[in-house]
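All remarks here apply to the structure that follows.
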């Protein structure tokens, strides 16, 4: 039994994480934190958890958390996260950081995209990017894992096999991504009000200005050993959860859909959470699961890869528990399947 | 041509009001206000108005507004409204106040429900409640009209005919009302975030604690000459707009549905915005219109009245323009039909 | 390990049932049926099940099902169900029937409300109504259980404690219920199209004409030993899943909210799936769970009970697995908690 | 006053058309048709029209319609439309055909994409494609206009200026389009049920197999005098109405966003229904209007054009009334603005 804590327990990802951990036979939730005063019962913040756990939500320092917990899921926003992680690690806790603070390996790139000087730059180069389908072997020995972003996981899982296999040119890739509103967090903002989102489809961070762009480029470049630079355009959809990516790539040689699907299947053999499907996937079908559904179609020398997942689960809390399982030597699917 | 202003132009009601006024052949929008700095073009606040009007959104005092406009739609929140209205009137403007500040005739009742001492109590007793289907004759000569609330309009239009006709007992009336999220306004709050409302049905202000309760009681009592006290329970629905009221009343004598519908039809003869229908109404069908749809069913000695309207139109901006029309001697339906 | 079958596997309830059974350590899905030709993989009907189970969806007779399975969840529509159940039982299978065919104890009442003569009337009087919170002790020895309806479960769980305790009068109870669209099934109909439901709130089967009315009356009368007759009004909400019931009852004597909540808590002590809460419940919070959340408020001599559950889980598939667990001697919460 | 008929009056487009025509001072609705028996009042089919018009919905032949009406909006499905149009024209009526039957100029292409031999091929080459922003001068004298598709209007309005101006290469254009569910029509189908669409984003007709592809290619090629071939991928969104197109094109020479927006503005000068905006458009903002909102962004040598409109208005019924206005010599904006 591992004593676990969730830092920043008030958001949507934390809620999903707590629900998964309640199903986990090896996890014992010992601390939930927020910066609010008092130690209210968790159901005052997440009413769906009424009666599910007794752990209150407390205003604890990272040092206090490290004393109480062996493993910490850090759901703080970026910047706040890199201020807490060193203390957590120094206190002996293992950490899965769900913020963006440890995903980029280069502090200069981090500062450019996040507008803050990184306060813990020494750890960046060595922190493993926790996408188990690519780097399951690197994760077990780690004390700190950078949990991937939701858009990035979708995009990388859809592209890595084709780029690694040399089927698709690393240049000219277009990722047209669509997200549910929960990806924007639980802090009240005009743009995420019900009325503003209802019946609304729009793009944002157009022209490669979204912060997941450098993350996608970095991971795909690292994994495939070539410089990959994508054009990523996110859209907000009138729904709660789900990421759908429609990806357009140029084939390097004539190939059929069947060949590409076979390659996908071989690549993801033994990976329980990627489903290579023949039909056109739908965010509904991966919602509330840790699956990423992928298929592709070929027309002329363009391949269209279609992939989706639940941004809160496979895009955040689910993959975090995958990482937790791998870091602790548990079966990768524990609490995630069935 | 009447020069009109909208005070508090950033909300959902104001947006609907502006759209209706753009269709009005006798209205010229000369001022839109908000407390933000600068005088941004209105489309920066309401992108749907791009290219529709040139009037900026300015931080004007009530006195400045009264100098510029002959008629003011006051969309300020309560308290703010009663601080502006006396100045507007003193400046010679006619006012339709969409807040709750002039709806209750008794300042003691106002203070009890709104938690503020009324700063303009002398006007309360004489201000006409602007529900044209009940009091069209009182509205024309007025310089100040209290525009009704959305729940209240729905409830009153559904109940006034039956109470006035003596069909239903004034005691024991239950109003189970359902509202879309736009009724909660445009200020970012946790409870009106997309994710919090999606797939969510819940009650609020249960047990007669909603501020529309005294308004319903007062108007129905005044109109019918007997003490009416309803039990009103509002619910929040996962939709943008619409109020649906399911009302349970005790019949004072055996009556058929046909008799009651005939009574409703006679009562609302010549009233263009109440549709007495045979079918079960649906908020969809009155959405984006100034109609209130009403029907009823009888079972045993209970009558169930079902009524709906668009909370932003017939429940706010549309009835405000009805009042504007009546106050200015225009046809009641101008800009509202067809 | 119990070999289980799902008859009528194409609907929404069957899908939820299959998902729960995949998590059940003692259930082995050996048959899924539909009347369509061929034996397509289940993911062609429910894409979310891709890769989750290999059992195809077949056109099997009840006799064939009884040969293969020890336990059958019958998700057929009414009439079809009573034609299959006798054969299933004769073949030695235990049955949880999710249709309405075995819920009413009187064949005359059945025929009146369902418009069909009951073809298996001899079983009606003795079939146990599978609401474990009321009759957990009756369920274990049974070979046939009538699984309750979704509106009925919500209403009964909210009312049974207060009626049994004598707090509320059995006369004059009003149930204003709100349901998500999935309750209307998966057969394409105009009324359940996205566009018809979106932004739409409406009542249906008004004035006590909904088929769940006699079921609520029968169970509450049986359980409390007095004649209970409710006025039940269902509404359709623009959401996928969830039932919310707002129930108005007359108190038989002065009582406080605290007393009533204490009574609820005592009544449901040891019942893992009813959560008596202080806050106002929301369908979101019980969605995707087997919980029914209940609270109440008192005003004057009226009590307002507010209850909600997920119509597909606690209102159908979840309670069916509760019954499966009790009928087979498993822990009641298996596959349902955590 | 023009006597108008709507053929196929039961769908969503017909409903919007009727609502617009009710506001039109020069249109008198004299016939509404459907193939159902009887002549029910229109509100039995469209409850929102209760009390709005007395014209029943009748089962009339095209010849009967032509006798009664001077102008016919043909909202029949393809194939049915080309069977009716010749009779309507022979009977002396002018026709705006909202189906796809007269949009493609080549009967061979029509047969390839629609799977039917065209029964009126002689008219194809000369029928004007009714996109007034491109061909307002061709429309006035016509007796038959092919009303454009919703995806096609969005795509063409977004691309025509840049292609005509030589800014964008006619090769390699990617159109990633997102549509609300109303575009799929009102006939009950599994795929358009509320529950199937809710929380669902998915692509369909992937790899250039959607029937709007040849229409986009044809119109853009005709208009710009060069062969244009786009890769068009439609997606279904969980919303009622709206089309959003994210279009990726290769610039032929270095250009700035400001230059392109200036070109857009010049191109659409005097066109009241295209709004070239600086901000990122949102389907919400063009919903329930006849506007198409367009902007663009430049990154490297890629231009991203973002455009949206209401598929039922500017994408169908609204542009049909624009065509009606132009064909009859009325102001283009009549009944459409303000």
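We call the chains A, B, C and D, going by the order they appear; numbering starts again at 1 in every chain.
Here is the rule we go by: a contact is a pair of C-beta atoms (placed from the backbone, for glycine too) under 8 Å apart; a residue touches a chain by one contact, two chains touch by 3 or more.
All figures in this text were calculated on a predicted structure; none of them were measured in a lab.
Of the two chain pairs considered here, A-D and A-C, the higher C-beta contact count falls to A-D. Taken over every residue number at the interface, the positions common to chain B and chain C amount to over half, indicating a same-residue contact. With centres defined by CA atoms alone, the chain at the far end from chain C is D. Chain centres here are Cα means. That of chain C falls 45 Å from that of chain D. Averaging Cα coordinates per chain places chain A and chain D 40 Å apart.
Rounded to whole angstrom units, the spacing between the C-alpha centres of chain A and chain C is 36. Taken residue by residue, chain A touches two or more other chains at 196, 198-199, 238-240, 281-282, 284, 287, whereas all remaining positions touch fewer. Interchain contacts join each chain to each other chain, per the touch definition above. Interface residues of chain A facing chain B in the complex, by the touch rule stated above, are 12, 181-182, 186, 188-190, 192-199, 238-240. Residues of chain D touching chain B in their complex: 22-23, 43-44, 47-48, 50-52, 275, 277, 279, 281-282, 284-289, 293, 338. Against chain C, the residues of chain B that register as touching in their complex are 174, 176, 178, 180, 196, 198-204, 206-208, 231, 233, 235, 237-242, 244, 246, 248, 280-284, 287, 297-300, 302, 304, 306, 308.
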